[in-house]
Amino acid sequence: MTITPPALSVFEALESEVRSYCRGWPAVFDRAQGSHMYDEDGHTYLDFFAGAGSLNYGHNNPVLKRALIDYIERDGVTHGLDMSTTAKRAFLESFQNHILRPRDLPYKVMFPGPTGTNAVEAALKLARKVKGREAIVSFTNAFHGMSLGSLAVTGNAFKRAGAGIPLVHGTPMPFDNYFDGTIPDFLWFERLLEDQGSGLNRPAAVIVETVQGEGGINVARPEWLRALAELCERQDMLLIVDDIQMGCGRTGAFFSFEEAGITPDIVTVSKSISGYGMPMSLALFKPELDIWEPGEHNGTFRGNNPAFVTAAATLDTYWADGQMEKQTLARGEQVELALRAICEEQSGTQFRGRGLVWGLEFDDKPRATAVCRRAFELGLLLETSGPESEVVKLLPALTISPDDLDEGLRTLARAVRETA
Amino acid sequence: MTITPPALSVFEALESEVRSYCRGWPAVFDRAQGSHMYDEDGHTYLDFFAGAGSLNYGHNNPVLKRALIDYIERDGVTHGLDMSTTAKRAFLESFQNHILRPRDLPYKVMFPGPTGTNAVEAALKLARKVKGREAIVSFTNAFHGMSLGSLAVTGNAFKRAGAGIPLVHGTPMPFDNYFDGTIPDFLWFERLLEDQGSGLNRPAAVIVETVQGEGGINVARPEWLRALAELCERQDMLLIVDDIQMGCGRTGAFFSFEEAGITPDIVTVSKSISGYGMPMSLALFKPELDIWEPGEHNGTFRGNNPAFVTAAATLDTYWADGQMEKQTLARGEQVELALRAICEEQSGTQFRGRGLVWGLEFDDKPRATAVCRRAFELGLLLETSGPESEVVKLLPALTISPDDLDEGLRTLARAVRETA
Amino acid sequence: MTITPPALSVFEALESEVRSYCRGWPAVFDRAQGSHMYDEDGHTYLDFFAGAGSLNYGHNNPVLKRALIDYIERDGVTHGLDMSTTAKRAFLESFQNHILRPRDLPYKVMFPGPTGTNAVEAALKLARKVKGREAIVSFTNAFHGMSLGSLAVTGNAFKRAGAGIPLVHGTPMPFDNYFDGTIPDFLWFERLLEDQGSGLNRPAAVIVETVQGEGGINVARPEWLRALAELCERQDMLLIVDDIQMGCGRTGAFFSFEEAGITPDIVTVSKSISGYGMPMSLALFKPELDIWEPGEHNGTFRGNNPAFVTAAATLDTYWADGQMEKQTLARGEQVELALRAICEEQSGTQFRGRGLVWGLEFDDKPRATAVCRRAFELGLLLETSGPESEVVKLLPALTISPDDLDEGLRTLARAVRETA
Amino acid sequence: MTITPPALSVFEALESEVRSYCRGWPAVFDRAQGSHMYDEDGHTYLDFFAGAGSLNYGHNNPVLKRALIDYIERDGVTHGLDMSTTAKRAFLESFQNHILRPRDLPYKVMFPGPTGTNAVEAALKLARKVKGREAIVSFTNAFHGMSLGSLAVTGNAFKRAGAGIPLVHGTPMPFDNYFDGTIPDFLWFERLLEDQGSGLNRPAAVIVETVQGEGGINVARPEWLRALAELCERQDMLLIVDDIQMGCGRTGAFFSFEEAGITPDIVTVSKSISGYGMPMSLALFKPELDIWEPGEHNGTFRGNNPAFVTAAATLDTYWADGQMEKQTLARGEQVELALRAICEEQSGTQFRGRGLVWGLEFDDKPRATAVCRRAFELGLLLETSGPESEVVKLLPALTISPDDLDEGLRTLARAVRETA
């Protein structure tokens, strides 16, 4: 495929220099369906990126599209703040019936605003309010969002510097396997908590991703997560699992922490919760933590009702039984095999992942970017992650067909070979 | 109209205690069209609230609805991060042609995330980065959002307390008319800036609303805004106008600051920018401030392409000529007359406003809530604002018909009388 | 008198560039007695500076000197942390008998460390602990010390910048007469406190100097101080009077706030409390505020017992009756007459003061420094104060003789004339 | 010896509850000489505490006493701010000749105020100003002082809580041997610095004690200190050694870091620098760091000239040759032998130390307090240290006679036995 550089003039002239994806993928996209995107020049791209995890059910999924158009056609409420609506009720009922009740999860549901960082901000506020403490522990290479509360618990130095103020009240601890297994888990963290002279401000909560997507596809072991949950309970800290990218089935089960058998105190959900790529997020928490006063946290777009409609449709369609999870795990095995083959062929590469989130790391760090660039030329959308963009991140739609998945993996293998 | 209390069980059982609007309006809304909302029991409500200013063109505006459904039907890109898309290009071109160019505004456009607080966070980050200072000056009774950066420049003590950490780096100054005209404008602020011993941390920027919507419909005079702009320039501070609620035609002109003839350094836009109530926001800034590095601020739902589609449709439909502004000002006169009549009849009341944002303040503060409650019973949606909820806020759609407007104003007058 | 520039080599070579007084007074001082200092070249200087208010009883006051040498000779405890010692007991008894009891002041006494900023840090800690709030209100042009807690409530921008971190948790309010009487006292402060939407973090305490020494000899009126005390009580904020420079008789009465008839919740005392220029400070507070845990605040030099000895001697010698106060007020009238004469003769000058602290302000700001320089050449030690060093500050020993005072005032008048 | 509880009435009635040493040592001390203190009831105490390290040359050392009285008798300047004085010059010359020059140390000397925390505050300010960053790394169980800047880098949770505000900008790292040698030194610290996604705010400086006195007599190995110095240089962080308690010969050499062969960027000195227990402190730094503006940091009691006199006398008397160091090391061996014997006799005890600072730790933590209490009854002054007061701290004067030292060690052994 030959790519003609598109005329980007209005983007270049008018849009801020902050834009980034459009630089790596110099096309003007027009349509999308399932695992494919189409640019205005007629090129087709296979999408192994899925809206950074927001499109677990593929682009413009027809089941959701039908529900959405029906809702719009019949003039369902679009913008609802936190008014009660029939669309919200349907979502809440589906969420209760298909997600919470079968998993025995006792959570209250909060609509904190339409995007992930709103959910993280709400979670941190609530944890501080409940515990009466300011400090939050996060982990190395964590990513939780760009507003100031979330950014303070995010690891990336470049993004932190963007704050323009010193980010305080957060302390990083080593994520699982940070020292390649040479150091006992939580040795440092637990010692700081127990030592009255350690200088650590006592945390209100710990916030963690089970798999760090932006941080380089770092996968926490179930036993590490369990030990963390136990540490939190023992030390009177709330455990917040940020499941924004890894929830909604990305790792197989609906919540990524299910495999570990833990019940976090607070869970943040966003990205694929609406299923259709529309802005929506949730904060879930144990009922005894629900000490909010009415309106203490609010926001204009908490009630994005069309998103509730597609969200309910995803739950009713994909989560009424265990098929989705099985399929995701099966597709994951397909990815694993392909990555193993690549790593066996190419030295200086490692892979890791879970469910349908995988990373391919290059010892020669800039090569990961080169691989993504070459893949784009070959019609495959892939992005890097990790603190030095040294990991190629595979995030295909959960609904991808085995053939499309296979095609993408072959294109990836080719891009790796051609950048050797 | 008789209201039967609806069965709210799933909301009460599952949704967090933080919910608020649904308490004042105990109905389950189902459909909406133009200036009317319909609950599931068949009741009709005239909407003088317009999604807190997000529905300037009415609920499910048919022109926008057509464009939206067409886009969805044809599988236009839904979720686009900051990829270039044809929908984004169309929006940028319309924004340039109908908004920026005719007003001679030089702004770069940033998509900072889908909601107003994302835009405020981005604006504050950028101002701090440009000036290399941390402090921001805001105004008494300001409202800028709920994430930590925005909350620190928001006045409301109850919402601030929700942060759970001390909110620092912000200093409040008196908004226009805070002392009923007895004190020269900016006397305190300017003196603090000029006095090297004042103890004020030198601000990077000043953030202001031209009309404080949440703060009680406090209307800044054009000359006050001009004097503020001059003070900012003289003292090397950036001027940020938060036009999230007052922009998009709410006060008549597209931007609320046009009347004052000023050009802020940074402008935040959200709420009605998509026109259809879908999450979208913009940060606009002078090109010399565009020192962002690619990806220094990001976010999953920056590229809500269906919102770009409806946004472009609003601009093409309503802002290609000056009709919208004229109509809004005419409707505003209608409101003003009605409020004057109410205040002449009822002692202990004052009114104020601009364009189609008006406030009716009660000396007996709890009465404002009583008026809204009675109005709801009479089928009219109204909310209060102000630090002690002492102001009834009128925020009808800009597209409301004169008859509907008249009906609502008569209902309001009745509710006022019946709560005397 | 001709001044030969002294050989400053070791100072220049070894001492940090931060040194300041030695630059304005380029002499190497060797001895001092009463109101005179002597340099190593045999020059004599009349001291109108008194150790920045630390030498209210003159240099090496013979009564105190006798007590001090006796104590050292008999091997009295020198360094005592917060052990009970006979010297501390004698001080406490004198303080109770001559100071607290006659004034009906109920204070507990804390020894927070040897210098003023230790006392301010302790006062702020205690206020925050008692009220459970972080914010402190200070005043424009306040000076409270150089450690981070004190610096955050100090006004001077140059000194604040030295912190290297953003100084937060403090908000400045206008000191008395900041707007030359055109604005009602506390209008802004009280409004912010009463308005639930003002954005002011509710303060734990207000810290104030009755006369701002470093800030430019700004004298608060007694009625302003009373109104402040009432505001604090009404709004549940603690009132801290920083009497470090103005206490110990500088304004006439032992405490500078006595004239206003108020009883602050917390008082900081230092500088002249030891009387001999030795490091010592006190924090005084109402007994119900004494919620410190043992050792919660500590410090190595809290128990500077030789300072306790001279401190007790000052109280027994000078404060057993009302003579000291009367004498100070009489000397103050002598200063006032002389300053009035200067200001009548020289346009562009104003004077103000109380007791034996006075300021002579020049509209032509750099002239104040020129006056001090010329005075030094004429054998008179004077320093400037104010945010732009525009005020010549008169701070003679309280024990100065009328003749010495007259001589110094005549030298000042000459220096003013000669810099016209 | 029988102790009659003294009449403490004025202390109890008037002094704040914050007092602490007087609670463990319920006597009223009157006189002191060398290694002995005498209470008003005629009891004698052998002092193994030495003013928390402020009396390295014993109480009221006769050589210093002579110099001090001579200075006072001849009316030498007592209070000098930062004026040049003959006493300051003599001190600077002695410090240059006996301390800096023989050790080839290039430091500039700053007089930041009379107490250790003033020196730490100045050091932190300077480091932040030089590097333009806010963050400081300190170590577990560090103690640096009670004013807000110093407290933020102090470990003790009880003292930190006294601040009443969240202490930020400091991050603790594990001190040497924190994990009993099982973890490679600086593994965590270095990894955080190198990982661009770690979330650690880049530090301006690292502050460290070579032996943590308050933290439990934790002794850093020379190789650990060298590795820390190298890490600081490699990572562009300033190294601050807080030698307030361990300097002035306490560990043998004048500076405690000499043994490691490192040259810190900044050194803080206080406690025994005056030698006589009088408040004095120094900040020393490499000349290229001396970017202070005149007066950017100041303080009333920076120029405690009598302290300069005794300080110069200590340097001339004790530090003109290497005798002091040899004697301290010899006495240290005497202590070590005695502690070894105690630990061999008593299970559940460990000892550690260097020079003349030693700690005896009890597995049964409260026993350390019991030992000190019993020692007091037996006429020996000892205090505990460590996060849970589990360590008996031995800090005798460096000038103690072998016999007195032996007597004290025997008393300690007896107290240990009697509390078994």
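By written order: A, B, C and D. Residues from 1 in each chain.
Assume a contact is a pair of C-beta atoms (placed from the backbone, for glycine too) under 8 Å apart; a residue touches a chain by one contact, two chains touch by 3 or more.
In this text, all values refer to a predicted model and were calculated from it rather than measured experimentally.
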| item | value |
| --- | --- |
| Intersection of contact partners for chain C and chain D | A, B |
| Of A-D and B-D, pair with higher C-beta contact tally | A-D |
| Centroid spacing, where centroids are CA-atom means, of chain B and chain D in whole angstrom | 58 |
| Averaged-CA centre spacing for the pair chain D and chain A, given as whole angstrom | 50 |
| Residues of chain C whose C-beta touches two or more other chains | 134, 158, 165-166, 169 |
| Interface residues, chain C side, partner chain D - complex | 6, 8, 10-11, 14-23, 25-33, 37, 40, 51-55, 59-60, 65, 68-69, 72-86, 88-89, 92-93, 95-96, 108-111, 113-118, 121-122, 124-125, 127-129, 134, 145-150, 152, 158-159, 161-166, 169, 204, 244, 270-271, 276-279, 283, 285, 290-301, 304, 306 |
| Partner chain B, residues of chain C touching it in the complex | 134-135, 138-142, 153-158, 160, 166-172, 174, 178-179, 183, 187-188, 191-192, 195-202, 215-216, 386-388 |
| For the chain A and chain C complex, residues of the former touching the latter | 165-166 |
